[in-house]
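Some structures to go through are shown next.
The same subunit A turns up in both complexes below, where it pairs with subunit B and then with subunit C.
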Partner chain A sequence: MKQDGKLAYGFLLPASIIILGTVFYPIVKTFIYSLQRYKLTQPENKKFIGFQNYIEIFKSQDFQYAFFNTIIIMAVVIFIGFIFSIITAVILNSKIKISSLLTAAAVIPWALPPVVNGIVWKFIFYSDFGFMNKILFKLSLIQEPVKWLDGRYGTLLIIGLTVAWRVIPFCAVVFLANMQSIPKEIYEAAEVDGANEIKKFFNITMPLLMPSAAIVLTNLTMSGINVFDEIVALVGFRNLGQPLLIYNYTQTFSYMNFGYGSAVTYIIMIASGFFGYFYIRSLNKGGGAV
Partner chain B sequence: MRAVCKKAGIIFIIMVFLIFTLGPILWCFIVSISPENEMFSSTVNFIPNNPTFQNYAMLLNINTAQGQIFIRGLVNSLKAVSVTLIIGLPISLMTAYALSRFKFKGREIIRGILLTTIVIPVFTTIIPLYAIFSDLNILDNIFWLSIVYVSSFLPMITWVISNYINGIPVELEEAAYLDGCGKVKAFLLIIIPNSLPIISAVILMMFLMTWNQYQIPLILASSLDTKPLSMVAAEFSSKDMIKYGMTAAAGILALLPPAAAAAIFRKSLIFGFTQGAVKG
Partner chain C sequence: MKKKYLAMVTVLVLILSIGLTGCGSSKSSKSLNGQEITFMIPEWGVPSKEMLDEFNKETGVKVTVETVSWDDIHDKVSVAGAGKKSPADVIEVDWSWVGEFTSAGWLSPVTLTQDDIKDMPSISSFTVGDKIYGIPYANDFRIGYYNTDIYQNAGLKEPNTWDDVTAQMKTIKDKGLMKYPFTLPLTAGEGTTTSLLWLTYLRDGKVFNDDNTLNKENVMKSLNFINSAVKGGLINPANASVKDVDAYRQLSNGEAAFMVGPTSYVGKVNDAANSKVVGKVQPIIPPGATGKASQTMALVEGIGVTAYSQHKEAAEAFVKWYTSKTMQTKMYDAQQAIPTRTAVLSDLINNGKIKNSGAMLETSKLIKSPFPTGVPKYYTEMSSAIFNAVNKMALGQITPEQAFDEMNTKITALAKGSK
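And now, the complex of A and B:
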């Protein structure tokens, strides 16, 4: 048995080296950077300054602006994502001949590179020849093209929609697995009592979906916080409607302010760690369809 | 009459569903085959009168400037996928096996750390990684880029495989131990052959996740010789938006491999992800 233990550590060694070297060491390092005045443009001016960066961040108008942008995107992703993943799951769950083909169609958005997803949606909302404007022209609802991505809230809404569209399939699959695990007997009993489809959905399916709802909600939340690629493709690194991750990137890699950027990173990490905790808990508990 | 109505209702729902899931991609494809003058003309045609595949021909032709960048990106993406799989797959199998089948001190702690690492987003490690890579002179290096990919997928992939191995009956290995088989042999001869469904699922998952990377290579490997296809497509989008048809074509070509793989192997994909997300 003793030898067994040694062998186990042997099996774990390669993964440990990689994780320690590229995840844990950098996380500690990020914290150290965050307590320093550290600009890559002035390397000789590196100095320990305590929590000065954090104080500066909380005072910064730009940070607050980015913070609220992230909250809005998150809310849109959760709202659209939750409703449409349940609808998608119900459709995929229906016993029709082509449901396998529908699943094939449904997983495609999931597989898209997020940055390409941004490009795809840019063509929908492009003001000159975007799909939306063409439709609205065709229906004679507008005379001038709508500039969808020129305002703050329009941009945030479209970003949220774009991200939700990509993550809906995954969430739908989680719901679907949960739905398929609900015993048929429960529905049959309800039918005997004269329940119709809608009643069955709200009184049986919905309450029994609670375990997977936890996974879906945390997943949507994390996707909302972590948006980056889609935004770069949709609007680039501009200030208008800029959420936290883009703010963090420009501070760090455009202004080369590593100390300040690291502190921003830590703040976002703690915020998303808060949600991540619930995710881990639901994973460890075994989530839904067991 | 009611049956007809119901059928019409179902067909309507399916149509709406397909428009929402595939419509945006279809539009991107239409843009990619539309000649410039038709797209901007005041007529509001949706389908071009004279579709052209010229943008695709240019992107896939090594003799054009765009084609060179594009094919370079394609090769870089494939290289990164290969390295990530060759390194990531054996390591995650080994780690999962140890966590599922060995009893040793600190197992629960390691499991906990692994789970925590799943939710650590890449941007929290990228600043020092950039500094380290820069110091060691390994920026713009596909091998080291792939190591970072491996580190970001490893926890999740290991978790998925470990859940699967937990479901393999221990009796198979116990019989082998009686025949004098050791743990290493049991891993190679029993666990791996019995894990083929999950192995193919995680290969697919790792392929998708590597192919779709953008932020990590943007920071760590943005040179022409290393940047992946996703970055090339994004650059067409930001710099060459005037050439919208080219951008759309680049987008379609970049999404084709992962989209096709996911649609064809959908069962495997769903199996893999639910193994990680739903069962514990």
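And now, the complex of A and C:
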């Protein structure tokens, strides 16, 4: 038995070393950087400053602006993503001839690289005469092009829409798998009791989708927080409508402010972890398992 | 006896002096001979193998070229510098990096003769105090361009002042000759920052106060000019979303009648493969406040010796060779790199190699730096503050006054924090 135990540890050792080196070491090192004034172009000023970076971050108007932008994007992604994931899953769950074709088509946005996704939506919402403006112009709904990406909230809405479009396929597949595992007998019993489709959906399908709702909401939240490539493709690194990850990138890699940037990274990590924990805990309390 | 003795001493002294001289010269050639250095440069600055062999033959120094993209060089130098190492012995040094790199102690000063310094007006961008930290190799200064056809049809002559530009753009637009006759980068990027800087500098000669804060009077004039041009429909509103190169390309696409832009357009407007205005655009001295501008801004690229190089002498020899008159002529032939030496530029224009140069040579002599104390080490953050504020103003999100306040607040804090 002892020999088996030693052998097991021996097999685990290489993977442990790799995980320690590539995951835990960077996490710890980033935290150490976050406690320093550390700008690459001012190496003579590098010193330990405790939590001063964190205090500066929370006081910074640019950070607060980026934080609220991220919240708005997240809200848009969750709202559009959740509703359309369920709708897509319901459509894919219906037994029609082209179900498999629809499933394949639904997965396309998921397969696209985020940068390509951003470029596609940029063409659609281009301020001059993008695709959307052309359609609205042809339908005589507008006389002048709408400047979709010229304002803060317009930009955030389109970013949210772009991200939601990308993550809906995965979320729809998760819901679909859950839907297909719901026993048919429950629906049959409900039909016998006189329930129509709408009642069946809200009283049977939705409650039984709660376990997968946790996964979907977590995925939508993480996607909303971690959006980067789409934004760079849509509007670049500008301040207007800038969310947290772009703010973090600018501070760390444009300004070479590794100390400050590391502190922003930690705040984003903690915020992401908080949302994930909150969702799973509240859904476990309310939804229960199937 | 005396004569023989004297003759022997003379011969002995001669032999000794020849021997010592020989030792001295062989010592200096031996000190470089056999050394190997690395040269990190973007693709447009890569010398040919023949050029490098020539250098090797002259000095005995072997050069290994590492072709790296412009953006990546900055990151590589910063990361290596933080570890007190250098990614190469000789590196590309963009004018905007000089402040950062010199304050971090990552560049080694080079010595140049006064003649060389006079021959390269853009050396001012690489001078900090009385030391030179890089030598410019690829010129790019701001020069005016106007479409002679459009101007003729509108009954106009080339502009001398920025008030002329405003009036002429309105005339061209009102006559229906062009929808957006003026072009200027307005997107959230570096091109917009340099646009505000050169616009202010060319017109008023002063962008920054002596304490490196923005000169409010002059910068506000530029912001109001840009705002009026956008609101008056003289500039394409899409310029606030497109890249700066696309904004400049409107000239060669025949979509703009006037711009102040890069020197590379002297050639591009007459490139039949890519230009719709061949033979129709004239380079001119840019306009100023009351007449033609008496200064222009250079956005040059240079090369420098890294502070942690183990072969500084060889590296400096290479830097001087690479930016010599002969090499600048060859690099123009090979890469169309506009020379930074006035003498070379003059030769290329006189020999007809640079066609349709217009006022290019005259304008090159007006190059000066708008930074009173050199490019600041916080240039990247300052640039970000400027282009974001101008972009927001161009998008109609804020007024010119708000744009000034926004950038001035950040720049003042940066200037104070750097002391």
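Rule of thumb we're sticking to: the second predicted complex is superposed on the first by the 273 of 290 C-alpha atoms of A that agree within 3 Å, B and C clash if a C-alpha of one lies under 4 Å from a C-alpha of the other, contacts with A are read in each partner's own complex, and residues count from 1 in each chain.
Rule of thumb we're sticking to: contacts are C-beta pairs under 8 Å (C-beta built on N, C-alpha and C of every residue); 3 or more make two chains touch, one makes a residue touch a chain.
These numbers were taken from a predicted model, which means no experiment stands behind them.
If you put the two complexes together on subunit A, you find that subunit B and subunit C both fit without a clash. In the superposition on chain A, A:Asp128 makes contact with both subunit B and subunit C. After overlaying the two complexes on the shared chain, residue contacts for A:Ser223 are found with neither subunit B nor subunit C.
Once the two complexes are overlaid on the shared chain, A:Met256 sits against subunit C while remaining clear of subunit B. In the superposition on chain A, A:Gln36 contacts neither subunit B nor subunit C.
When both complexes are overlaid on chain A, the residue A:Val232 reaches subunit B alone and has no touch with subunit C.
In the overlay built on the shared chain, the residue A:Leu7 is in contact with subunit B alone; subunit C does not reach it. Between the C-alpha centres of subunit B and subunit C, as viewed from that of subunit A after superposition on chain A, lies an angle of 80 degrees, to the nearest 10. For the three-chain overlay built from the shared chain A, the minimum Cα spacing from subunit B to subunit C equals 5 Å. Of the residues of subunit A, those at positions 126, 128, 236, 253 touch subunit B in one of the two structures and subunit C in the other.
Listing the residues of subunit A that touch subunit B in their complex gives 1, 4-5, 7-9, 11-12, 14-15, 18-19, 21-23, 25-27, 29-30, 33, 88, 91, 94, 96, 98, 102-116, 118-124, 126, 128-129, 131, 134, 137-138, 165, 170, 173-174, 177-178, 212, 215, 219, 222, 225-226, 228-229, 232-233, 236, 245, 248-249, 252-253, 258, 261-262, 265-266, 268-269, 272-273, 276-277, 279-280, 283-290.
Interface residues of subunit A facing subunit C in the complex, by the touch rule stated above, are 40-44, 126-128, 147, 149-152, 235-240, 250, 253-256. Residue ranges of subunit B in contact with subunit A, taken from their complex: 10, 13-14, 17-18, 20-22, 24-25, 27-28, 31, 39-40, 44, 46, 91-92, 94-95, 97-99, 102-105, 107, 110, 113, 115-121, 123-132, 147-148, 150-152, 154-155, 158-159, 183-184, 208, 211-215, 219, 230-231, 233-234, 237-238, 244, 247-248, 251, 254-255, 258-259, 261-264, 266, 269-270, 273-274, 276-280.
Residue ranges of subunit C in contact with subunit A, taken from their complex: 75, 78-79, 81-82, 84, 100-101, 103-105, 187-189, 236-238, 240-241, 377, 380-381, 384, 387-388, 391-392, 395-397.
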